[in-house]
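You will see chain A twice below: alongside chain B first, and alongside chain C after that.
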Partner chain A sequence: MALLLLSAVADIANTPDLLSRGAVSASLRFAVPIVLAGLGGLWAERCGVINIGLEGMMIIGTWMGAWAGFQWSPWVGVLAAIAGGAVFGAFHALMTVSFGVDQAVSGIAINVAALGLGRFLSSIFFEGQPGGGISQSPHVGQIANVSVPGLAEVLDPIAELETPVISDLAEIAIGMTTGVSLLTLLAAVLVFLSWWVLFRTSFGLRLRACGENPAAADSLGVNPNRMRYAALTVSGALAGLGGAFLVTVASSIYREGQVAGRGFIGLATVIFGNWMPGRLTIGALLFGFTDALRTRQETTMTALLIVGAVVFAFLTVRAIRTRNRGATFAYAIAAVGLGWWFLGFGVVPSEFVGFAPHLTTLLVLSLAHQRIRPPQGIGVPYRRSEAN
Partner chain B sequence: MPAPAIELRGITKRYPGVVANRDVNLRVESGTAHAVIGENGAGKSTLMNILYGMVVPDEGEILVEGATIPMSSPADAIAAGIGMVHQHFKLADNLTVLENVILGDEPTGRVGRIDFEAARARIVELGDHYRIPIEPEALVADLSVGNRQRVEIIKVLYRGARVLILDEPTSVLVPQEVDELLKNLRRLTGDGLTVIFISHKLDEVLAVADEITVMRNARTVAHTRPAEITSRELAQLMVGSELPTPEPRTVEVRPEVGLRLRSVSTRGRGHETSLSDIDLTVRSGEIVGIAGVEGNGQAELIETILGLTDPVSGQVLFGEEDVTEAATSVRRRLGLAYIPQDRHREALLLDAALWENRILGHQMHPPINRGVWIDRKAAREDTERIVADSDVRTPSIEVLASALSGGNQQKLIVGREMAGDPRVLIAAHPTRGVDVGAQAAIWTRLSAVRRAGVAVLLVSADLEELIGISDRILVILRGRLVGEFDPAAIGPEDLGAAMTGADAA
Partner chain C sequence: MIETRIERLLLQLIAPVVAIVFAALLAAAILHFTGADAGSVLGEVVAFGTTPASLVAVLNKATTFYLAGIAGAIGFRMLLFNIGIDGQYRLAVFFAAVVGASVSLPPVLHVTLIVVVAMAVGAGWAALAGYIKVTRGVSEVISTIMLNAVATGIIAYLLAPGRLAERVAGSNNIRTPPIPSSGWFPGFGVAGKEVFGFTLVAVALGIAFWILLNRTRFGFELRASGLSLRAAAVSGVNSKRMIFVTMVMSGGMAGLVGIPQLLGSSHQYGLDFPAGFGFTGLAIAILGRNHPLGVAFGALLWAWLERSSQILDLLGVSREIVTIMQATIVLSVVVAYEVVRRVNVRRQQKLVGRSEHEGIDNGAAA
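Moving on, here comes the complex of A and B:
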């Protein structure tokens, strides 16, 4: 249904780039770091700890990935990034679980520390290297891309037919199977693996139980503190991998400010995804999509005005059905406003375009909040004596 | 004679400044239901936690079927065949029944994959065998309290427990659920399992226990059988002295009205019950009891009087004053006091000191309020007064509310609500989950409040309490007041019938 909508919009707004193979593969590229950060957030929160430090752990990942990547190979960089993230994840556990530091405070401290640490370490290791400096690293090699052989040749004629929907589907299929980074594939595997481990294994059940009611887990011989160490280490490792993706796939260099809030957007996708890996990934793809459009063709953004108008119109109808007068009013104004903007101006100011992914995050979160069901033990430190 | 299922010898546990258990001896025969009773703070919970390995005793030994067992963690207890159903259930609400039951002891296949089929089969089999049916796929959050307790019992049985410890199992249940539970417990002992349960409710203890051990001041003081003792004797063993009885009504009800509801109706949202056409008058110096099965509109009635729910029609009056439109803060200023049913959620900040809790609800009233400031000194002084007047047992007013036992917390709340001479008092289950000593103290207090001319609305599920201290009893059923009774002329059975609507048929 979403596809139909986008396909129609691409025609109406005359912005063929909306669903082109380039846009699809760019969306994937932008979405993967957010998916990995989101998975990191998911692991931590399912075990009852909020990991605001994801942003910092991604920064560590980018730095470690570049440091090891430019000296040896990008794959060594990836491993180093995972290790760096894991160490900071375990540090977050040490702070929040063993020392009882507030989870938000520890996370913010990690974010601040990672920023400073990146600069400090760059001044030692990157300055004086070819292309390196205090705010960026030397050139790092790239992780190889792979394609499904032959598929593009088969699908190309279909894509060129310019039949609505079918051609769009072909474009999407080509975009998703051509020139895909090995790390993207790894991320896809990790989404599935996270679901499988969390929801199908005894380890996952114990981890989730510690996020819902640690006292219950403890009374059954499951040590919540140990589970939280494990969960946060995995969480940090995933964030570190997300950082590695930024230096070895999305670019080929470490640059200060490169993470640019992706850790936080990742956290938001956890909420959007209702603490489920699959839905989280859909959320991340949505943000990746808006992010990709922004960088490709500014006029494409105008097409999203229509999408927004239609979505709000749908919400208006739903609000009328549930007799929520306030919501009906607000949604209707938004729908009419966006539609009028598109017909009247047809342009989105460039300042706004850069802000679009964040605005999407904000909108989606504020609309999704009514149905979410977070783990109950989230954010609450567990101490054994208090449980009795 | 076979070795007892459980034997505790000379158990002593000291905490800084207090001895929780002093030379405690307990002998539980196999296949029996054994009740451990005592006031709050008598050391029952500590003893049960020792038995379940959550607390390690300083001295003494634990014997399971004649053999000494080292107990240092719940895992040891589980291995020895001992399981515990905690008073506050240890369940994860957002997990399914199945997940809660198997947690920590999952049947796994390759690489830690849970064998859900095997787990489901085993749970269903256990449920059938002990006739405790549960739905493995249901979310615990959707279950009633009684069903959650079943999950806890199945959880313990799933681990192969031969000895079940139940910590105040009936305190959270409604009467029908209590009957069901007691039936289940008898079935378990009939099957050869051993049940140890802690209770405050002496009639239940006498009904279901084979043997009774009484604890007082950290010691075991008596061991007896239901046939050999009356509930009054038991209660005296628990408190160690003669019990006060609810004093007879000696004061005349005054003519002036304290609280009046005129044909009040509300619209219930979601699971709430709608009130329809409630007419209710509580005179000054009168206690009006509201009886009813939980969920028949008691909560909505209280919220309407407090001003948390707006009625769609009708009026709420304090005396002659119409407060239907008044905010809760205005109503409190006009002399409304409230003892909520859930101390921890509504009445206290558990992580705040006693004197800070004294401020709650009185932040805008003298002596606490002085202009825009809170008078901390006055708050402390008045807390000292309450602690002394109401016999709140606490080392100081600086300790956290969470450090007090339930009964002492409740005494503090009653004292706070009585400060500032209220005109109307809403008491919701004021003695729920408190020991007999505190219960008697709170009853005495309510009677004193009535003597002082306060209009008291008492909502309770404890029929003895309603009959014992109310001047009139009104029965609420599906949001309507369906009957009025004279407590002197009605027994618990008749009242129970009226509550379920059985008498109308």
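Moving on, here comes the complex of A and C:
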């Protein structure tokens, strides 16, 4: 359905790059750090703690990844990044769970501290190294890519037929199976693993119970404080891995400002995905897709205007059916606005594309709020002696 | 009498003092670990930070921080986390600069217009977050983070040659046109340097905030809601209205954050305009316990740390150690407040227990 739409749009707007293998693999590359940050947010929030510090934990991940990566090997860098993120995740738990610090305060302090630490540590460990400086690290090796052998050769002729849809499918398949980083595969495994642990094991049930109603969980013999320590450590580790991906796959260097708000977008995908790992991943892929398009062709963005208009028109129809007048109104305005934009200007300034994920999150939050269901105990500190 | 006023004040002061000492010790430990001589570095920093030029710079910077801190404190009083201060003030100062440069008015009126535009834009941007919080229950923490990104995009789009800005000849900087001198806020000279005139306005705003909190019905309802939203709602406070109004006020104050700089020295908005005061404001509000005086102290401390850290680079120490110190201060002050609170509760319980005991004993004797 969505594919049909995109395929048609690529034809209409004459932007073949929209579904090329390059765009697909770039989207994947942009999406993985967001997925990992999102999973980090998911683990924390499912246990009742908001982790605004994800951004900072990713920064720590990038730094640790580069520091260990350039000295030993990229894989050691990945491990160091995971460890660094986990330490900061545990620190967030120490602050919020043991010391009763407000979750947002602790998260913000971690973000600020991570920025400062990154620069400070770089000035000690990277300055003077070949290519290194206060705002960047020496060259770090990359994690190896793998491809499904033989598949590209089989699919290439199909892709070159230029039959709508089928060729596009072939392009996507090639993009997703050729030159895929091992870390991307690891991320895919982690999405599945997160779902399995959180929703199919008794540990996950207990963890989620602490996010819904910690007092009730406590009365049944689950220690919410210990659970939150565990959840936040995992959360930090995932964010750290996301940082490592930026250093060892998306680039081959640590650079200041490299995380660029991906931790916050990760938080947004948690909401977007309604606190479920699968949907969160779809959200992250969408955000990755817009990111990838922005860096490729300006005209490609124009195509997205049509996509947006059609999607909003579809949502309008659905809102009319459910008699949600406010949403009908808002979606209709969006649909007409985007359509008019396409016909009238035909260009999207790249500055606007930059905040598309954020705007989408705001819209989703404010328009679809009946359908989203956050964990009930989220953001509420739990103190055993004061439970009621 | 369970405790005296002085005792209570002392208990309030313990936390920040402990936090600052702890952060300083940590910084010294890091310096020592990296091979620098902590004692002499500290001496140089203090010497540089107390020169007259530094003190004036600190005062100017503290004005900006103070406004950001008050913006944060207004929100905190209502249990609102206005992470959007950053976006609100950048959008506000940008539009204020654009409007200020495009009109010509008599001096006082011109400045007033710029200030009003800034407050209106900041308040309007915050109102979006307030509105979806009240009507749709969207947490302001998330919505303001997202609105910050949107504000960044809008400014990036408009601040381009041919739109609302122009390229500065011979550099990469892009700026809005300069505001004519009728729209400048005169400063006053101290020790050969100029202090922003807006500093006085900031002080007045701090006093106004105190009066609003402690001497008006709105302030009473605000404090009551901040202590317990449910209890206040039961006693007749319209909590939705309170949330919305508080958010708008916080945004309006945030809109002023860039104004001292705009009216006092740069007179135009450009890529080089200082940014990123949002988190600073929240940190200062936390440090100052949302009290106008406490926030002033926090703003001065922050500004002093930032100013005196400039000497660090010359001493071969990365000045980012100050950022680490600031984060440490925020976290340890919150922890210290919490510890003091718990100790205090226990102490009061003990005192109450003892006085009740005495009462019973007396009754038995009688």
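Throughout what follows, the second predicted complex is superposed on the first by the 365 of 388 C-alpha atoms of A that agree within 3 Å, B and C clash if a C-alpha of one lies under 4 Å from a C-alpha of the other, contacts with A are read in each partner's own complex, and residues count from 1 in each chain.
The rule is short, and it goes like this: contacts are C-beta pairs under 8 Å (C-beta built on N, C-alpha and C of every residue); 3 or more make two chains touch, one makes a residue touch a chain.
Predicted, not measured: the structure shown is a model, and the values here were computed from it.
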item: Larger contact residue set on chain A - chain B or chain C; value: C
item: Which superposed partner A:V146 touches (first chain B, second chain C, both, neither); value: neither
item: First, second, both or neither for A:R373, with chain B first and chain C second; value: first
item: Touched partner set for A:L343, first chain B, second chain C, both or neither; value: neither
item: Contacts of A:V317 with chain B and chain C, given as first, second, both or neither; value: neither
item: Touched partner set for A:S219, first chain B, second chain C, both or neither; value: first
item: First, second, both or neither for A:A268, with chain B first and chain C second; value: second
item: Touched partner set for A:L185, first chain B, second chain C, both or neither; value: neither
item: Residues on chain A lying within both footprints (that of chain B and that of chain C); value: none
item: Sites on chain B touched by chain A in the complex; value: 45, 49, 54-55, 73-75, 78, 84, 86, 90-95, 99-100, 102-106, 108, 111-114, 155
item: Parts of chain A lying in touch with chain C, wherever the complex brings them together; value: 50, 52, 95, 99-102, 104-106, 108-113, 115-117, 119-120, 123-124, 134, 261, 264, 267-268, 271, 349, 351-352, 354-355, 357-359, 361-362, 365-367, 369, 379
item: Contact footprint of chain A on chain C as seen in their complex; value: 30, 34, 81, 83, 132, 135-139, 141-143, 145-147, 149-150, 152-154, 156-157, 279, 282-283, 286, 318, 320-324, 326-328, 330-331, 334-335, 338-339
item: In the complex with chain B, residue positions of chain A that touch it; value: 200-203, 205-206, 208-209, 212-213, 215-222, 373, 375-376, 388
